[in-house]
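What follows is a structure written as structure tokens; I'll ask about it next.
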């Protein structure tokens, strides 16, 4: 069998572990040949790929980033890809394509699959917001980085008698904020899933100070937003690169709290440190298992599906299920995080 | 409600996170009172306990060990405990006992429960070998420590052109060896669940050297054992403290490989560093959720059960189910770990 | 002897290690009594202190923050303190005061010393900008945190084909930027000591892209500034809490580079994570040695001096020397950091 | 100029950082050519080398091990090398050789230098025992690894009410034990420089238990030894690979303490994890500076010398000075480490 692999979308610790696992399993068990397309779907369209043998993936298990590169694909070119989907197999001589990516990538994967290309997907997102899988690799690393930051900020907040607002990633789902907030022992957690009222945070901080705990750390997902009318907040204008130019919610909330409390409140925006670098052991294992099972699924001819963690098992689920709905933090998980002082 | 908490058995990162979570939830949501028995069941028998309020658990979330202490209980005293189980509630005025511990503790918990003491258990083991729960806290930290060690040993093995045998914890189940071996990219993994033949390892190393990869790292669970007749190995005599006095399997295997290969092979025994210190974010979240749900179960009157992770949910399962059988590494998980070069 | 200790100024990993070391040495070797004033000089003025015995400092060696608290002192109250300096010894019954702090604290220490209070200072700053000592504790930890962030950002920058601008601490001296930039392998380093020209950075990035290295990471001290006329940059207005309200140099530079390069350039502002949390081994050893030597100096009657690292030795230097001039990054250290691709 | 580089001796975090720095500086500033000999002096003798350009050293700064490999050289072959020293320059067309290594390597370097080969040495040892330099790279990483282990073991020791004996590296000098013992807050530290009496350790442990601190951690250098007659201890026989076959001092001491105290005492032998893997920021900076200055020295024609850290400066010192005497832990440093409870 000849297997094509590509990585698409943003950086995510564990991408290289998947690539390595695909290559190892394919060669060791099946005597397959594996090629890697460069810069995501672009490489597929432009025919830029290289052979991936054992040497090519030596030493990459613990390395962040992706040895294959990654890039966004414009919608127009995606349509072009779908029109030629059937030809790719022949052109590059591949029997199956294993795209590793997030929601956008899996949607494209499904379109290519529907258009006739044999595809086995591997889900990837540090945000953990893909349905059908209990967890995605990269998430544990992101939570680990954010937790270590909160650990450090707590001692600083305490010795400065200060409120710290930590903004973590999570535009549409608050998983990173939820778990790093719980793990770091944040005193308040704001998620995109539930509008917050700054008055509640003010109350919490004042109660802490009254108890002699003269500091507080609040963990905010970048996609969190205040309840209607609770606070003056306007999301920033979007620049040509698709990024906001003005203060995000972390900064806005810190200023609001400072104003209301009359105490120092400082924002810390963790940003891209959450999505790069060495993956945790958890993410390496999950990524390795995903790669292994993707190869097995390919050999069983289970196309149009992707790997998913269900309990302790890796199962193959329809790509369609993964992309219809974002996996958001449910109410009961938010409740669990609330009894924190 | 008045809740009694205790920790029993070996050290395990996350114990303090459970204690803190029990106290927070009980006080914040229910206005309960919480007391902590010292040194495990001994404190229960001797009536040694202290009140646990918010201040008592302040700052312990990320700290290793247990603020309550832990100790082994002799069988005789356990019987004594069971005979007086019903009296404990009255004596210490507790409405429920939340023991946090491993297989032995949960067995004791069940006996006390059967004898009439309202009990809600929380499972604990770095070995991840308790049935009925997908994972236990402490395990992720142990795997993280072992993986970092393998990461470091790999560069040393490579520059010394040497074989390294890393012995990790896991007397009856090989979960730590399996996952740290996969995460660290060990070239061989030996588990208690499947007898190994040193000849296979010799072959693997020789193939690697032939391919120009002049080093190898082998990850061995302390409970791994060679196949009948494949290697001369005798487990060490047991001393008065219950520990083996002579070379464990890691050292024995390193010597055997050195002899057969005519190349340097060095053992590294990770030992107790795997079970102490700051828990990972994953373990803190799991431990915190366990504590939260234990309190809720107590208030619902669900006694004789313990918290368990099932997929992404925390469920309450009968204590009986948790202790009837050890959770061992199944065949398919071993297969997944095999295509490694 | 009765020794008073206090910590003043911003958070700095290693403060607790100094306190613990003072207590251990004073009690173990000299049978001294040690008291700790709360919230820096405020506690000295208000007579708020507590006894520090072995139990009080148990378990704090690796903990960030300061168990004694810290606070800023207004100038007026400092004058008040100086006027009463001689009385403090009598009032609190202390034979010597050991203040641990940065430039402001050491200046105050010197004033108190001149006014007749026996003082032995211990220098503290994550910025490493105190003269007369080769290094200060806290600096190594800050550099470690910043380096780990750069490590992570590099893989993200690479897979996104992006320029990353990391802003690290250092308002007046660029030590953290220099060492974390070198350790992380940043492709450009901007320090307060030498105005930078964005055109040079643009050239460097373009040369990298031309060489096929389609990413770059630039490390900028918060106090770095562009050369006169090289870039439109205005430092933000200062709010009532003494903090800038608008974009710092990291954000401004990222936007400038993005505009000039026509490529994505993202800022990451590390902020307070650099100054909190567990100190590195290096900082714990240095802090412990400082505490030990401060006690010895006190017993030798060497007042008006502070501990300093000189080569591998701890020496006592006049407080006056430490505060006359900031220790800035010299030209030759900047040269060393320049040959980086 | 054409520069030859090689790495010899055991693994040491920072080797790649030196190689990278030599290449960067040589190419960026001087337009030099750099070649790397493989497997230490063996590659020099056998003429095995490869060109080192910017791509060859890309991404290696933070990686453990050495991309050039390393190997021990037999005495006979070293003599052979010295006899042909003058020819190497001509044969390989190199103008200078930069060997990076420990005492043995620097001795060889000096012999080659005396025999007429232009040599600039770079000292390397995790043990920090080379004279003439305040510190060597690799040492900080080793201390960091050992300290993290002690941090973890402390919580385990405490919850098991147990004595832990941690054996760290350091055959002839106790620097790692000294600094990791101080940083980790070990309650006893045993160094090769000062014979210890187990009776003192027993006394310390008993005093701790009497104070209610029912655990202790003792940090022992592998080269530490009991005072004459204080304990029955025989160093193990040496096998054909030059390693001891039987229990080292850590294990022997743990058993001795267990016997005398009648309490559990467990040995943990950290072993090779101390010498591999990612270097700390400190070690990367020092290694980078060493590489930079080695190139500059070569261009100034300062041969027969090696780079050395003196205070905050890198200086060039005669190779002869570095190898005449091992740098051992002086008495006053041992005293500093003693007031620990």
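Points to keep in mind about this one:
We call the chains A, B, C and D, going by the order they appear; numbering starts again at 1 in every chain.
The definition used in the following text is that a residue touches a chain if its C-beta (ideal position, glycine included) is under 8 Å from a C-beta of that chain, and two chains touch if they have at least 3 such contacts.
Note that this is a predicted model, so its numbers are computed, not measured.
Distances between chain centres, each the mean of the C-alpha atoms, put A farthest from chain D.
Think of it this way: of B-D, A-B or A-C, only one pair shares over half of the C-D contact pairs by residue number, and it is A-B. Chain B and chain D have Cα centroids separated by 34 Å. Each chain gets a centre from the mean of its Cα atoms; for chain A and chain B, those two points are 29 Å apart.
For the pair chain B and chain C, the distance between C-alpha centroids works out to 40 Å.
Multi-chain contact residues of chain B (touching two or more other chains): 151.
The touching residues of chain D, counted against chain B in their complex, run 7, 10-11, 15, 63-66, 69-71, 145, 148-149, 151-161, 164, 241, 243, 258, 264, 266-273, 275-278. Partner chain A is touched in their complex by these residues of chain B: 21, 24-25, 27-29, 54, 58, 61-62, 134-135, 140, 143-144, 146-147, 151, 179-180, 182-185, 211, 213, 280-282, 284-285, 288-289, 292-293, 310-312, 336, 338-341.
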